[in-house]
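Please read the structure below before turning to the comments.
Which chain is which? They are A, B, C and D, in the order written, and residues in each are numbered from 1.
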């Protein structure tokens, strides 16, 4: 115990950071720019998350949606769904919030050097993936093709319209979007995200597929990827579970023998393939 | 002489009457706070801080809450905060010596498991601060219908982790010096005669509850029973009360909640024991529940005891204390589930052979 | 002279439960002066049917949150009588302390929080927080202290937990009891003295109305009766509790979902004033002290003085519980397993004084220990006819005053009875056909 | 933020929950700092036109109750039902288990037509309820928690786990160990296991946990020697409107 005591951490104490910018994205999602004390960089990896806390309203794990290549501030995209997230939506620039982290297993983009990148994002799943998308865009020459598939329930739920417009214009990015249900103005694709996969022409061996979305999405996307013959080793997922502590103690996020907050949220697909509870 | 006796006989030991033993407790109380089993109501026992050594219970089946309550309190304030000015403070945890007296071997073994859980990956200061200076005095016990620690490899007389150990003999006890800390405590106590040299001969104790296989074989069993029907069998009568989780000596899952004072300004962030048998444990936004059925919850609980952490820590995370069986309101016994799983496993193996 | 008057107070406030006051005078003739009980009936008989004796007191305490302890004690006594379950001396003492605590709490609540605003011409106790903070704080402390008695001895002041047939499931620790006793002796008595002085200075706000009626309560040679005794009428005579039906003579009236009662006269009164009139000689010295300070003398025929009698009883109960705690502490508190093995089955009747007056429970059990018949007569029900009679006498006497003033005095009158309306409509009076 | 205007209303009940609020002596003054109480018939004369928060006690059991609850819902921002009567129907609802006519006649005899009564229902059977505070009587810490949460503008945390959890956190002696039965394993927590803490069994006054195994609960009671019918009766004391209980079958002996 004594020697371990030297490494003991006050795991549950947040750092008080500042919200430096707030942007309304949709009716239920906002983007927050967060600046750590002393403007220090968070030093995160794409795909990692932080525990955001507001005293009296609790804590919630939120993915970092900006790339570490931009900083020192970082971005969070938050959907208002409950105690903490509703309250956060009421906060303005200048407000203080608590941050613990970064936590969890993120992507190691160096490992993908030279590969074609296929991003498949459903709904708010674009937020965590955006950190990696931005990373690849900032180091554009390190990667091959960049393909982004993005699906939402309806056009009103589309996140990051500014970025999306840019991506659509950029010739070195293949960006395809779909909605489950269109409205009058919508002129793009209609249909679930899996309908975007079969038409793709891919160099499957060289393509890294990353998938983030609501729980129901994974099973079907994985089936489509299998249909495309993308090897399992080329697939990465980011999973979400109920989570309290973020540091592998509270037990809530456990999927079979793995802790999402430690071994995830980003998983190499072969690691979770055998886990019954994963997808 | 069997291996166990051989081991026990290597320790320096003293013969001590029950009366002197209670004086020894009084002496220990002068050194540090002492915690020991007490009666709690008509038929129940709990560890309490000793005020009167005469009230310490030396012979008891098991306490209700395990010793973990002193290292991971059932409710613990993690932070005190102020909403208005966004400040917080962490309640100070006094790192003091505490003596835990008349502790059973499975309990000591469970702390070893908790030590693992709270120090692998991130080392939690709250746990470590409480655990650091703890001293343990063990005692042997007579297994009742729920104990099965022998089946998971823990002898009644297992001394690992203890500083001193008590073995009943005749109308008194042998007091064994296990560590230097224990030795120092004994040396300071004036009431003891010279070390005793009679040989210890333990009687093999009979456990009424047993697992059919040697514990080494259990991980293999659990490799094959994930889809077993046994889960459904117990899910039919399990009511999901979570008792088995909360009282388990190695379960450590928790929930965290913020509560605000009536001034709407001050408040606390508190953690509470939680458990994977509870319906809400794995529920997320939108009401999706990743382990909604009792069968899946029961399976998760057992896999956590016998496989998931075991594979990493190389220790079974069930110590056979029998709390989950004894306190289950519908009488579900841990050994029954495991033995049913073994039967199922055997049947499957046989089928494969044919 | 005023010839017509129409008063309709819908859902009278600061009383427990729903009641309306309706007064109707036409051409100088008082056609109506009554308290309409519009509380929804709850039909406890349906809830009790076939229920086991272990559950009956749990259910009947839900008749009324304010008198839950009284109902529980009366219910337990009736059950114990029916099943031949003897209880120990210690249990009786504990129950007496609880009865004192319940009277202390309920009388305090009524006199200081519900009735007192009338004397100070405000609509509730809340404005007094600013104008009379020290009094409100003292009153809050008193009420808390009264609830502490319930909390300590029965686990919870509302819907007590530890009281079960044959005894208690858990006992208070001697140390806690001693602390509470000390608090009663110091803080409790001081706060009450302070408040009584304030109330004494407001004595002129109490309307001077009198109407002699029959006063009915328990009485006992041993003590100012709450827990046990025989039925006593101020018109003479005592009657065994078993004869309660001869005394109460319940009847249904169309304007009340609660039944009314009468005995020797057209109506009778129960409650603090009735107890005081019948038993005032047995008050403890502290009760006497408050009685003198507030100028209460027996017999008193002013129903508005019921509130004052309640305060006298608060003093008495504080002192009585202190004495009982002494007895417990001297004897030593020992855990006894509640006696729950019936020695017979059949009918059992019991009465206790609850804050609002005498309460009867009457059960019949079958051989499985399940209820086959139940009856329960509640104090407020017994007072209703008396309230109507009071109003009929009062209205002509004050007819020249403004309508607001008349309404106010009528409201005060009804409130003085501290009516417990939810209780009164939850009567049980039924024979179940055994299945 | 201006102080929320809070009102309390009572329907068919014992008013124990109301009284329990008045029993908050130590906190009453702080509470008045936090909110404005604008209507509370049991304690004050004032009436209000509308309220930010309406607390409803008691179940709905007469035609006039129905009218009144609709009216309150229209005037209320947040509506909280409070106590077993309001949330579950509570003990009142046991009357529904018997034919209505029998019940009326049993009490009023030939005069039964004077006092109309309809089947007892919880508040949520008629209007939208935002939050529910259970208990008989409701527990004051939980009430304060809900009130504070509303003042802060956050959802309250209302537990949906068994009473056993809180009982175990308190390390109460389990009443099962004393040979009694207990409904704690399937009943909702939030009461701090006050009954077992006081040596009494849990009567299930807060209703069942969601996703409860009712068949298992009946089996549990059978182990204590109750027949299936008696077991259901035990579970019905407060939850007689719960379809799961009324229709449950237990396949185990």
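The criterion applied here is as follows: a residue touches a chain if its C-beta (ideal position, glycine included) is under 8 Å from a C-beta of that chain, and two chains touch if they have at least 3 such contacts.
Keep in mind the model is a prediction, meaning the values are calculated, not measured.
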item	value
Chain whose averaged C-alpha position falls nearest the assembly-wide average	D
Distance from the mean Cα position of subunit C to that of subunit B, given in whole angstrom	52
Separation of subunit B from subunit D, taking each centre as the mean of its C-alpha atoms, in whole Å	37
Between subunit B and subunit A, distance of the C-alpha-averaged centres to the nearest whole Å	39
Subunit A and subunit D: spacing of chain centres that average the CA atoms, whole Å	42
For subunit D, residues contacting two or more additional chains	152, 157, 199
Multi-chain contact sites of subunit B, meaning residues that touch two or more partners	83, 257, 260
Subunit A residues counted as touching two or more neighbouring chains	56-57, 82
Which chain pairs touch, all of them	A-B, A-D, B-D, C-D
Of subunit D, residues touching subunit C in the complex	10-20, 22-23, 25-26, 28-29, 32, 37, 40-46, 61-62, 64-65, 90-92, 94-95, 97-98, 102-104, 106-109, 111, 114-115, 117, 136-137, 194-195, 197-200, 203, 233, 237
Touching residues on subunit D, where the partner in the complex is subunit A	152-155, 157
Subunit A contact footprint on subunit B (complex, rising order)	78-79, 81-83, 86-88, 90, 115, 117-126, 128-129, 131-132, 226, 252-258, 260, 267, 269, 271, 274, 276, 281-286, 288, 290-291, 296, 300, 303-304, 307-309, 311-312
Partner subunit D, residues of subunit B touching it in the complex	40-44, 46, 64-65, 69, 74-75, 83, 235-243, 246-247, 257, 259-264, 272-273, 275, 278-280, 289, 292, 294, 327, 329-331
Residue ranges of subunit D touching subunit B (in the complex, touch as defined)	27, 30-31, 33-34, 144-145, 148-149, 151-152, 157, 160-162, 164-165, 168-174, 176-178, 182, 184-186, 199, 209-213, 215-217, 219-220, 223, 251-252
